[in-house]
Every structure is written in structure tokens, then in C-alpha cells.
Amino acid sequence: MATQGRLAVESVSKSYPVREGAVVALSDVTFDVAAGQFVVLIGPSGCGKSTLLHCIGGFVELTDGNIRLDDSAIRGPGSDRGIVFQREALFPWMTVEDNLRAALRPKGITGAEAEELIDTYLKAVGLGESRRLYPRELSGGMQQRAAIARTLIYQPSVLLLDEPLGALDAQTRELMKEWLVGIWLREQKTVVYVTHDLDEAVFLAQKVVVLSARPGRVKRIVDVNLRYPRDRRDPRYEEKREQLWKLIRDEVRFD
Amino acid sequence: MLDGVLYFYPLIILASLWEIGTAFELIGEDVLPRLDFVFASLWRGLGDGELLWHTAVSLFRVVGGLVIACLLGVAFGLWTGLSKRWDAYLMPLLVGSQAFPRSALLPLFIVWLGLGETQKLVVIVSVAFFPIMINTYEGLKRVNESHVWAALSMGYSNREILRLVKIPAILPYIISGLRIAVPMSVTMMVVAEMVGAYSGLGQLVIIAGQTYELAKMFAGIVLLGLMGLLLDRAVEALGRWTTPWNR
Amino acid sequence: MERLRSLGPGLISFAVVALVWEGITQSGFVPRYFLPPLSTVLAEAWLLLVQDSSLYGDIGISIVRIGAGFALSLAFGVVCGTAAGLSRRAESFLVPSISTIAPVPKVAFLPLFVVWFGIGELAKILVVFANNFYQLFVNTFSGIKEIDQRYLWAAASMGFSRYELIRYVVLPGSLPYIISGARITAPVAVVIIVLAEMVAARNGIGFFTYQMARDYRLAEMFVGLGVLAVISIAFDAIVSAVGRRLTHWEPTS
């Protein structure tokens, strides 16, 4: 079991200044993530999921509240947290292997040691053959796997994933879900995963944080205590899905 | 091969009309020179070195001006694009200076700098600078924020991120600024050579016009066209070479 | 208020430039034949543009040349571009011929036009035309090629005649491209007229500016520069405003 990567999000609020006043994206959000836990943030589009992930990443400053990682408050970005975006996360001007190499350089890992790690991680994400290609030459699913490899390789204790499967087609998304579970079981890392897809939430999460429509607040925290790999024919799976849909449905409105 | 020839069939028709019209004196030689005379003039001029010399001088001026404009444009683009303060103070001046038709400064440069090579270079830099500068600036504004964040997460410092992320991201913008600058530079060079120079294709063309040597004038025009084409292709190749990830 | 504050630094910069200009020239640090003081330039502008009106003849003739060259290139560019966009045969003739001369800097044709038509108006108008035609041709042509095929199918199934097709689908569809071409070439027309007037003219504001520089009457020359800037800005503004009017359905950026 992982010993590092305990997250505490405490009364976090975030508003963006705009021309007239401010957009309140998050309001008093509180939840915990245990070390090695897989947590999914779910909520309607525009409710502040990405904002919350950016706050945890330390890319934007909080308006109010605190985020702690293993008991020390987060100040700015750091290599203890790795982030993968929905699309175009890789540097397009570097080949896949150079992207991974770039991720190792600040840690001072170069030469044979670096090459060995790159080899290992590219094989783990099934991209051993494509290492000399540019991101643009890869399919969407391959790009996302390469981006995840680039984040895993520098060994952050927390993995932040912002709709990593959002830009993929349905079949690829299915395969990637199963693959993600495998990676997570093997790497034993804390994962905070943003999505608006209910099935992703039930398939992946140990704990689902449901956010309300803007401004995002924690509406409910739902635990999913099902064994991995999860079986969609299990009645409890359908039950959880139903429960989440009921929570979300009131928040998604046409207006 | 045949496709290539067929594609250019209108040129073959136009050239034949030109040659027939002039050879049978349907078109006076004070209007159009015979096409074969143009090529003869081109051949002779390149052979005895006269045209070659003028071409080399012009090419040197344009390339020199473009190189300087590139260095200055990128430097100012980075400066204004990276510093909010300088953006606020410097950018209005730079954009405001574009209100003047770019050609209108030519007389001023002649007064200030005379007719030498410095003036030619400054004239070219004065038109080539802005598109390169503004593209560098725009490129910086459009750097994908998530790339910067990813690099920050890996542990890169802001200074390292300039080299790792921002410079590669703006390269395509610099190249397209350069592509805009090329025809403008060639045009300005031609005029600078027309109004005051002792060499160069612009000077050759205007003297040939004054002495009614139309074949020579057309030879100069052909060479200017080839120069424009060559420079454009060169910048394109530079783009492919510096940004191999863009297809 | 917010907008005013964001303008502040820019205004400060302009003021600094003006003060430095005035300072270095009044103090004699930079000789007057090299750069006249800003106040002298402004006084000269008052003299030339308010007390006396002889400069307006030059301004007028330049505006006529700019307008004529611009209109000519717009008309021919749109007509040839539309022909090439709609007919394969026209395309196969026009595109290779036009793109072959495209890389030639068009001002190089000025001496030829002078040989043909003398130093009169036509030579200068033709240079503007030659310079701007290509951009307008390309924009019209690619505007038509980019029209969504489905619009053409829709029009065909509604039974449009060829005229109706051009009037109601092709022209509106390519109009944004044509207008962007016009916007790109509007300031270029001013640039080219200035060049043409320097090389081959006996009047016009570009000629005036050049002549004053050659006579080392720099205050007058700067007045000419200022007038040219105003003409350029005004012409650009007019073309943009007309363009926005004509494409009222496009979202304004």
C-alpha cells in the first residue's frame, strides 16, 4: 500500500476575476483522499472540476482554503503531483521518447538509467514501437497513453487526470478504462480523476466526489466498494450508476 | 512529366503569342522585346557577369536585411511578449508606428543614411521587422498553458521553460512572419534601388527602362521573380527544417 | 475607466517620444537639418494644411490613384477569381499564368508601365493593380473553393439558375474571403502609391514627401508623412467598415 500521496482539500474556494466582478468556480469544497486511493470528481460541465484539479496541481492560486499533500500545504506546482490533460498534453515538438526524456531531466536522471526507465514505461503503455514518432503521428489513445507514461516516469505520488479519455472514441475509451485500472493497481498511486461520464466513475473509482453545478460545491461523496476488475453485470454496479445519475440529474439543466 | 507540361499550357500559349507577335512586328519593339532577345540578354548578362553581379548585390541586401530583421523582431517579440510592463509601454509605440505607410520612411532614411548599403539594409529591416516581431509576440500569447504547467510539474524553472516550451512553440509563428516579410522586403529593396543605388536589380531595371533596353529590363524582372520564388521556398524549407514536427 | 487605465502606459510612451524628440532637437544635440523639432513640424503642418491649401491638390491626386488602383484590382481580382473558382477551364488557364508572375515584385513593372503609358496616371494605377490583384484573386478563388459543398447541393436541389447560384450562394459564401483580401490590400495600395510617386511622378503626397526630403526640408517631409498616415488609417477604416456592413451575418471579432 502506498504511504505517500495523502490529499486533504479543505474549504477550498476559487473565483476568477472577470471584467464585471468575478466568476465563482468553486465554493467551500472539502474532501480527503487516502494514499493510493482512486478518487473520481464528477459534475456537470463548467462546475469547476478542472479548476479544482488545477488548484491541486498548484497552477492557480486559491481564493480561500487549503490543500495539503501529506500534511504540508501546497504552494505552487511540484513534481510530487503529475497532471495529464484531456488532449495535446505532450510537447508536439518532441518525439515520444524525447517527451519522456524531458520529464526525467529535472530529476537529474540521464544516460543509461534514463534509457532503461523510458524503455520500461513505453513498454508498460504499449508504445515501444512508436517511440520515435511525433505526438501528431499517434492516434488519440496512443497520445493519452504516452502522456500518462510521461507523468508516471517521474514518480509523482499523486496523479491528476483531467478527462483523459474525453477526446477518444467509445471503443478506445472502453479499452483505456481497463488499461487504467491495471496501471493503477500496479503503480499504487493516488489518483484524482475528473470526468463527466458516469460509467467511468463507477468503473474506476473507490470514491466519487459529486460536485454541484456552478459554483461547484461537494454535493455528495459516494464510496464504491466493488472488486476490481469490475463487472457491469453485477447488480450493485448498476445500483451505483443509478445513484450517481440521480445526484447529477438535478444539476444538469438546460437553461 | 507530361502533366507538368500540360499544367503550364497557358504559359506556352502566351509565350508563343508573345514571340510570334514580336517576331512578325505585330507588336512594336518599343512595347515588348522579342522573347528570345530577353533570354539572350539573360544568357549574355549572366555569362559576362553583369546580371549575376546585380543579382548577387540585391540578394545580399535582402538576405542581410531579413537576417537582421529576424534577430531584432524575435528579440522585441520576446521582450514585449514576456514582460507585461514592456508590453503595456512598448507595444502601443510599435503598433502605432505601423500607421505610417511603410514605404513613406524611405526618403527619411535617404536623408539620414545616404545611399549606401546601411540605408538599404535599414529600409529592408524597417518593413521586415514588424511582421516577425508581431508574430513572435502572438505566438507567445498562444503558448498552450497546459504545456507550461506540465513542465512546471516536472520541475522545470521558468527560465528553462522558455527554452523547453516557449521557443519551440513560437518557431512556426516566426517562420510565418518571415514568409510575410519576404515579398515586402523584396519590394522595398527594388524601390530603394530604383530611387538611389549604383547596383542591384532595381537599379538595372529602371536604367534599362530609361534607355529603352526592354530586353534587359525583362531579364531583370525575370531574375527578380526567381529571387522572390527562391526566397519564399528557402523560408519554407527553413520552416520544415526547424519545425519537423509540423507534418 | 478600466479602458482608460490600460491606455495609460501607451500614452506615456508617446509623450516620452514626443518630449525626447523636442528635447534633443531644441538643445541642438541633434542638428535641425537631421531632425527638426516636433514643434516646428506641427507649426509647418498648420502652415501647409490650414493657412495654405496647395497641399490638398497633391493629397487629392494621391487619393484618386489609391482608390482607382484599389478598385481596379478588386474588380479584376473578384471577376477572375470567380471565373477560376467556378470553371475548371478558366482555372486551368488563369491559375498557372497568374501564379507564375506572383513572385515578381510588382514595382519592378513600373519602368515598363512608364515606357508604355508615359509618366501619367495610368502607370501608377497599374502598379497598384498589379501588386494587389494576386491577393484578391487568390482570396476570391479559395473563398469559392471553400464554400461548403452541401450549400451548392442544397441550391441545386432548390432549382437555382446559374445566375441565382452565383448571386445567392457563391458570392455571399466567398464574400468574407474577398473582404479579408480587400482589408489586406487596402494599406498596401497606399504603400505602393507612395513608392510609385517617388519613382515616377511630378505630384502627389508621396512625391511631395520625397521631394521635401531631397531638399532637406524635413519639417515639410514630416508633415507629408503624417498626412500619409492619416490617409492610410482612413482608407483602412473605410474598407473595414464597408466590409463589416457587407458581411453582417458574420460574428464580429
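Letters A, B and C mark the chains in the order given here, with residues in each chain numbered from 1 onward.
Just so we're on the same page, contacts are C-beta pairs under 8 Å (C-beta built on N, C-alpha and C of every residue); 3 or more make two chains touch, one makes a residue touch a chain.
Values in this document were obtained by computation on a predicted structure and should not be read as measured data.
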Arrangement of touching chains [line / ring / star / complete / other]: line
Contact pairs, highest-scoring chain pair: B-C
Centrality ranking, top chain (CA atoms only): B
Separation of subunit B from subunit C, taking each centre as the mean of its C-alpha atoms, in whole Å: 19
For subunit A paired with subunit C, centre-to-centre distance based on mean C-alpha positions, whole Å: 52
Distance from the mean Cα position of subunit B to that of subunit A, given in whole angstrom: 48
Set of subunit C residues in contact with two or more other chains: none
Touching residues (chain side subunit B, partner subunit A) in the complex: 144, 146-147, 149-156, 160, 164-165, 168-169, 171, 243-247
Residues of subunit A defined as touching subunit B within the complex: 54, 57-59, 76-79, 81-83, 85, 88-89, 91-94, 102-103, 105-107, 134-136, 150-151, 154, 156
Residues of subunit C that touch subunit B when the two form their complex: 6, 8-14, 17, 34, 92-94, 96-97, 100-101, 103-112, 114-116, 131, 187, 190-192, 194-195, 198-199, 206, 209-210, 212-214, 216, 218, 221, 224-225, 228-229, 231-233
Subunit B - residues contacting subunit C, complex: 7-11, 14, 30-31, 85, 88-93, 96, 99-108, 110-112, 183, 186-187, 189-191, 194-195, 201-202, 205-206, 208-210, 212, 214, 217, 220-221, 224-229, 232
